[in-house]
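Pasting a structure below so you can have a look.
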Amino acid sequence: MLTSFMSYLGSQFSPGVAGNQLWALIYILIIFAGVSVAVIAMNWLERKALAHFQVRLGPMRVGPHGLLQPIADALKLLLKEDIIPAEADQVVFWVAPLIGLLAAFTVYTVVPFGPSQAVSDMNIGILFMLGVSSLGVLGIVTAGWASNSHYPLIGALRSSAQMVSYEVAMGLAVVSAILMTSLNESGTGTLSMIGIVQAQQQQGIWFIFKFFPLGLIAFVIFAIAMVAETNRAPFDLAEAESELTAGFHTEYSGLRWSLFMLAEYAAMIAVSSIAVTLWLGGWMHPFPNLLSAPAWEFIFSLFPALTFGGLAAIAFLGAARMPGHSFFKIQRAGLAVFAALLGVLALLLLVVAIAGRHADTSIAARFREGIDYVYWFVLKVAVFMYLFIWYRATWPRYRFDQLMKVGWKVMLPISLGVLIVTAIVGVLVK
Amino acid sequence: MTPEMTPVATPFFFYLLSGLAIIGGVLVITRRNAVHSALALIVTLLAVSGLYLMLYAPFVAGVQIIVYAGGIMVLFLFVIMLVNIERTVKERQFNRIWPAGVLAAAALLGLFVSVYVKGKTLLSDPVTGKPLWPDPTISLPDSSNTQQIGVMLYGNYMFAFEIASLLLLVAILGAVIMAKKRI
Amino acid sequence: MAEITTLHYLVVAAALFVLGVIGVLTRRNVVIVLMSIELILNAVNLNLVAFSRMWGNLHGQVFSVFIVVDAAAEAAVGLGILIAFFRNKETINVDEIDLLKW
Amino acid sequence: MTDPRSLSPLDLETCEKPYLDSNELIINMGPQHPATHGVLRVILKLDGEKVLGTECVIGYLHRGVEKIAENRTYTMFNPYVDRMDYVAAVSNGLGYCQAVEKLLNVEAPPRANYIRVILTELNRIASHQLWLGTHALDIGAMTPLFYTFRDREEILKIFEKYCGARLTTHAFRIGGCQYETYAGFEKDVKNFLAFFPPKIVEYEALLTGNRIWLERTKKVGVISAADAIALGVTGPVLRASGVKWDIRKAQPYANYADFDFEIPTGENGDTFDRYMVRMVEMRQSLRIIEQAVNGIPEGPIMAKVPKVIKPAVGEIYHSIEAPKGELGYFIVSDGSTQPYRLRVRPPSFVNLQALDIMVRGMLVADVVAVIGTLDIVLGEVDR
Amino acid sequence: MFLDHIWLIPLFPAFGAAMMFFFGRRMQKAAVSTVCVGVVVVAFVFACVTVVEYTHFAHGTGQPFEKIVYTWLGSGDAHLSFLKRDGTPAQFNADFGFLLDPLSVIWLLFVTGVGMLIHIYSIGYMAHEGGYYRFFGYLNLFMFSMLTLVLANNYVLLFVGWEGVGLCSYLLIGFYFHRKSANDAANKAFIVNRIGDAGFILGAFTLAWYLGSFRFLDINAAARSGHYLIGDTVLTAAALLLFVGACGKSAQIPLYVWLPDAMEGPTPVSALIHAATMVTAGVYMVARSNAIFVLAPTAMKTVAIIGALTAIFAASIGLVQNDIKRVLAYSTVSQLGYMFLALGVGAFAAGVFHVFTHAFFKALLFLGSGSVIHAVSGEQDMRNMGDLRGRIPTTFKTMFIATLAIAGIPPLAGFFSKDEILWQAWRSADGGFPYLWLIGFGTALMTAFYMARLIFLTFYGQPRMSQEVEHHIHESPKSMTGPLVVLAVCSALAGFLGVPHSLGGSNGFEKFLAPVFERGTEAAIAATEEPHHPAGEEHRKLEWLLMVLSVGAAVVGGGWAYRHYALAGKDYPEPIAVKAPPLYTVLYNKWFVDEAYDYAFTGRRKLGDIRLGAMGAGEASSWFDAKIIDGTVNGAGWSTRAVATLSTWWDKWIIDGVGVNGPAILARMISYPTRLLEWGLVQWYALVMVAGLLGFAVYYVWK
């Protein structure tokens, strides 16, 4: 076991490819836990960010600055009564959230956090990802149907029609990015997620800037379609609370409802990962073509430590700025401890960055590299997450026919055109 | 560049997946409620897709998931929801000739079994002496599976591919026209 | 457990095929009949892919892709007909779809 | 024009057919629904998502206000009117007080009129702010709600300082105002005049140019001028259809005749026009307030009114321009201390009638937008 | 350099068509004409430069130049191979390739050249029409297809162009799609062409199956290799099938009926597609396949006879038609017949030469007639024209030149090409060809007559149009007369490219084409038996005699027309109508061919009580259904009823007495197996299918 444990650290391949089942399992656990934590954090972040967009403070009571709010929410949801309507189809009602959740989480098996930091590197990675994420529709449709109620049914039909329509534009945009991977000597592209990032690495450019503005257009189309695909504002028709109360999960409550939320946020992170992988260079740091000297590598490797250091500083500042009243004693202490934790984490990262600064095959260097990869990947995904929140704060909701019009009459032709032009340009460039 | 994926615990996964597939199949044809049938069919489809992966056909597996599980089944669910089922659930589920149908299917199964049994023992090639079902000896590189299928689709099977696209177009038109409210 | 050979896959496919045939021959609900047809097609696909693996070439896989295309077309048209029919006759039972008998 | 009477009423019996051809679906919107602004219940007959017809079921908030009036003296009834349109309590009070004053042949003194105008117009802004926030929320824009509530707070603070209440103000008395303005009232109002215009710009920056907002509001819930008049629709809804009708100009009450302001009108009578009309109205209200606060005279705030109000036998109808439209009071006096009959003509109730012809043929999402744009308050609809 | 990029030539107009397709609706007229005419001009210039380069390349040897851009169908993979007839495997390969040899050079030049002129002409002609961009888009698409056809290096790609021009022809005939007659004409053209196309594609595949390739060079090499005997059955069949295709496209008997109707399209279309270029595609294709035809004398004879018959047949109809464009249309059919006559007697070069000269003067005639129609406010009936000579002088002069050319007056273009054909027809060794000469001679006479009739009715005599129309008469704009003048010059001078030896020329045209039409070994032996250039004085004299005869015929025909029509006033008498009324009726009604087709093929008309053709088949099946099938069913019903009656009777009278329910049981026993077959339960059918499947499988496994 130890050898299998250690062998991976020196390996060039993801555990799925290398056949290292132990590490694949570890990764699955890490990713499952990580995504769940990310969803929880995202929940807090969304409430806080949205609140600040809307000139209010958001959760402040549970924990310092509401940091423990998600946990309180989770507890509340777990303890709530689990209602299944009498006329509902019991089995399907029970299965539906699981389908959605399963689809959302299965996608992560191929998300490349780094060249070897993934569960597996499937040959059909992106195909797999699109396919499995499209299974999420099934969860929604069945949930809406099983509730045996009008609002959920309309919501389910809406959302599945929406997801199916936007999948087309999304797929075409993805294909135009995949076409770009084939611009190498051998002329063969790849569908593997890791391969796509490596293609960007070899070509020395993020695909968003490739054939400017073709890559950018395809990216923008994907970025819009992925919002629609995840049923988020301004495309959140399926759960438009002002029209359909809560859409397909109107009849859901408690734990089951939270599963839907979990699936939704996990799906958001998943599609963001696709966007990052396909267009934003995946795990690469910015300007991979210009700033690739060892000195730059070192500077970039300090970023994780700096980020956590910065967060720690902000938390300390927050603790210091708490009102001096004795009511806030515990909160202040909690925030200080949190800040200290962040600080320790920053220090650890700093140590790793400095210990592994030479690009050799030592464990420290491997660790440092891994952390870098994951850091940049997660950072880019986080930017998307912020965008999701921003959209929600800014835009009204589309109407259903307008949504369909945008999907079929605007996005689809544009993405088709981009695909064709990309193919032509690709041939000409070759 | 990447090493071939080495299959792990093949028999276990095979029996698991084929078991799922067959149980799903049985559920498909026995459930009263069409939605339950559809869900069972999805299970079967996903299990079959897993079998494709075991057969080093990742592209087909991906297509299976995207087109079948993600596309066709959603369509099925849609239609089931559109046509009301309350009445049909309460009705007789099998037609009057079901014994004949089961009998025919059983005969078919018998045929399959006998052919397979024969194929394993008797029907070997008289010239080369090879069995009819040789064990897979030539390994397919699954890392370039998609590329190779692409080359074949656009090369050898160009016509078939074009005709398939035409078929889809016709199917789209037909489905749209037939599903229209007023023809 | 022994090694998995082509025959194993063929047996699974045969089982699915027979299940599909039973569904087609006995169920009254058209939707389920259509689903049974999908089962049959899947069984065929499984056979093709297994043979493709057996002979070490990709023709079987290409064919199975075509069959998937065919299945999609079949489902779309079949369900379209079903909806049109349901609208007129308010039934989706196969044995009530016998207008041509008269 | 389509004669609204020609629209067939919703036939609930023939709906829900069991087969696909009709595809009709009956949906109950409300009374518990996030977008019905209280307890309105709208029964929708849908073809897929298309609205075939609506039927409003009201009365969930009925408190018998008009009946209560018959058992209360004129003075005692005054606070009750605040509970009708609770987001525009000041306007309600103004209308009632003026109606009784008219019955008594009493004229409020000028200073009282100025105070009344300032408070009423502030209340108009507050009402429009609340409408804007909820309307935008219905259409899916969350953020404006919080912005408008933040700014509405400034107005409510003035109310609170003036009369001690924020929502149900009971600010006026028959014959004038009960309270003299507090010290710094004028400064507060002037501060608000400086504070608010940039905020309107902020709202408009969020919405007016927003593509999605435009798509959701333009050509949605159209009602023609002729239809609107036929249905008796008043207020911004009527003005957005292009009819320049505003009681403040048409039959000036209080001292509106002294002020210089304009009546905004729309052209298409769609949701967007109603939005724009209300946005402009807020600015016009600011103009009125500015003129009033600068010209407020000294003097008494109460006219001579008998301690026991016993109007002569007779009847009176008086209407004012409330934020939502024409608010009228019809009072019949039998010479006793209590009204023989009191009838309120509430704008929300009348405007709600237009819902059906505005949403026929549109989509479910538009119903929500139209309910929002009608700016109804169920307290007033049900009374 | 240009030669290597020959594939760009068709792409220029394709680009124009694509522009029109995507953006045309939003473009100004000026922009539309700039783009569309521009791309054709560019194509023409490019073609000229390419040809110059080609002549350097070929050094007079006429070596073909072939450029394969990429393999279009088939990948050279063994899986796409098929077995030839002789059992050897062959590749199914079709390239996206271009072939430039003298034959395609000629077509390339006049297609682009005449096409360019007609594009320019259309700017003026279509200026006030709706659908401007659509028209030019179609024209450009046509140019693309025609150039693909001409430059293709294999039958499959040629077929693409072939279908493309057919499509464009359909679209353009039906350009005024709101007119029913235009739609009908378009449908007719399309459907009739389909018949030909079926023949063509069968022929091409037969060739591929027999010779193993679609490539012209391969096929020619194979045909000339001497492996195949003259008169080879399969090759004869293939040649005949190809000729069916040519008949459709080039409007030969019996598939010529669409061409006169095609005049429903705008006049520039008639000029470009239905006179100058597309209809000569059949000639091109036959000329292209000359190596095959040489090996199939029967086919050659068929071609010659059909050509000659078409020539005189169409000319005879043309004698009495009144619609100016119809006269020209029949003239076109007749001239095409000439071309096929030439091809059929083995004078490929002469046929091609006639195509070349005909392109100029027929395009000119059509454009001129367009100009006339333009002048008289859309009137097409010659009975309502007259005396236009002085009012539209340019049109008159150019049309007059063209008439002289088509009538075969020396030294204009038509004289040389037509006489070459007539001479070759006379001279050809195979028996019976002098008869063909006679037919050709008669045709020449008629040609001169009806062309002169057209000119005199249109430009001479007294004005017969209404006052209003007369008032509006005006010469066409420069963009229309310009092309007329250029074409007139070409019609006058083009003949000098091919002055025959007998007139002291060198027949450069034939020499230029010689490499294409060289005979293979087998055929060459046959050819040597007759010296290629019979230099004998005797021959020359004979040739001169024939020339004089045909010129004489032209003069006589023209003179006769002058006598009858030069002074025609209103209600002028038709000489044929006066002298032979039945003949006139027959000719005026085009020999009742359309009617005959309606009787025989479409079934639109009934022959007595019987309907034939497609509709007839429908009716027959309907009758069969109603009478036989339903009759059987009814009969079964009747017999059932009879049985039932019988059994009732039996029941009542016998069973009740005897006490047995026998007949009822019998009736059920009879009905039960019938019911099993037509139960109406889909799953029963499926069950039967499964049973059948089982049966087959069992048979094959355990047989």
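Chains here go by letter, A, B, C, D and E, matching the order in which they are written, and residues are numbered from 1 within each.
Keep this in mind: a residue touches a chain if its C-beta (ideal position, glycine included) is under 8 Å from a C-beta of that chain, and two chains touch if they have at least 3 such contacts.
Computed from a prediction, not measured in an experiment: that's the story for all the values here.
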item	value
Chain labels contacting subunit C and also subunit E	B
Identity of the chain that, by mean CA position, is farthest from subunit A	E
Of B-C and A-D, pair with higher C-beta contact tally	B-C
Chain whose Cα centroid lies at the greatest distance from that of subunit B	D
Cα-centroid distance, subunit B relative to subunit C, in whole angstrom	7
Rounded Å distance between subunit A and subunit E, as computed from the means of their C-alpha atoms	64
Chain centre separation in whole Å, for subunit E relative to subunit D (CA means)	78
Centroid spacing, where centroids are CA-atom means, of subunit A and subunit B in whole angstrom	32
Junction residues of subunit B - those touching two or more other chains	59, 63, 71, 82-83, 95, 97, 100-101, 104-105, 108, 145, 156, 181
Per-residue multi-chain contacts in subunit C, two or more chains	21, 24-26, 83, 86-87, 94-95
Subunit E contact footprint on subunit B (complex, rising order)	95, 97, 100-101, 104-105, 107-108, 111, 114-115, 118, 155-156, 158-159
Complex contacts: residues of subunit E adjacent to subunit C	678-683, 686-687, 690
Residues of subunit B defined as touching subunit C within the complex	10-12, 14-15, 18, 21-22, 25-26, 28-29, 31, 34, 37-38, 41, 44-45, 48, 51-52, 54-57, 59-60, 63-64, 67-68, 71-72, 75-76, 79-80, 82-83, 88, 91-98, 100-102, 104-106, 108-109, 112-113, 116, 119-120, 133-140, 145, 148-149, 152-153, 156-157, 160, 164, 167-168, 170-172, 174-179, 181, 183
Touch list for subunit A against partner subunit B, complex	13, 16-19, 21, 89, 91-92, 95, 121-124, 127-128, 130-132, 134-135, 137-138, 141-142, 145-146, 153, 156-157, 160, 164, 167, 188-189, 191
Residues of subunit C touching subunit B in the complex	1-12, 14-29, 31-32, 34-36, 38-39, 42, 45-46, 49-50, 52-59, 61-62, 64-66, 68-77, 79-84, 86-87, 92-95
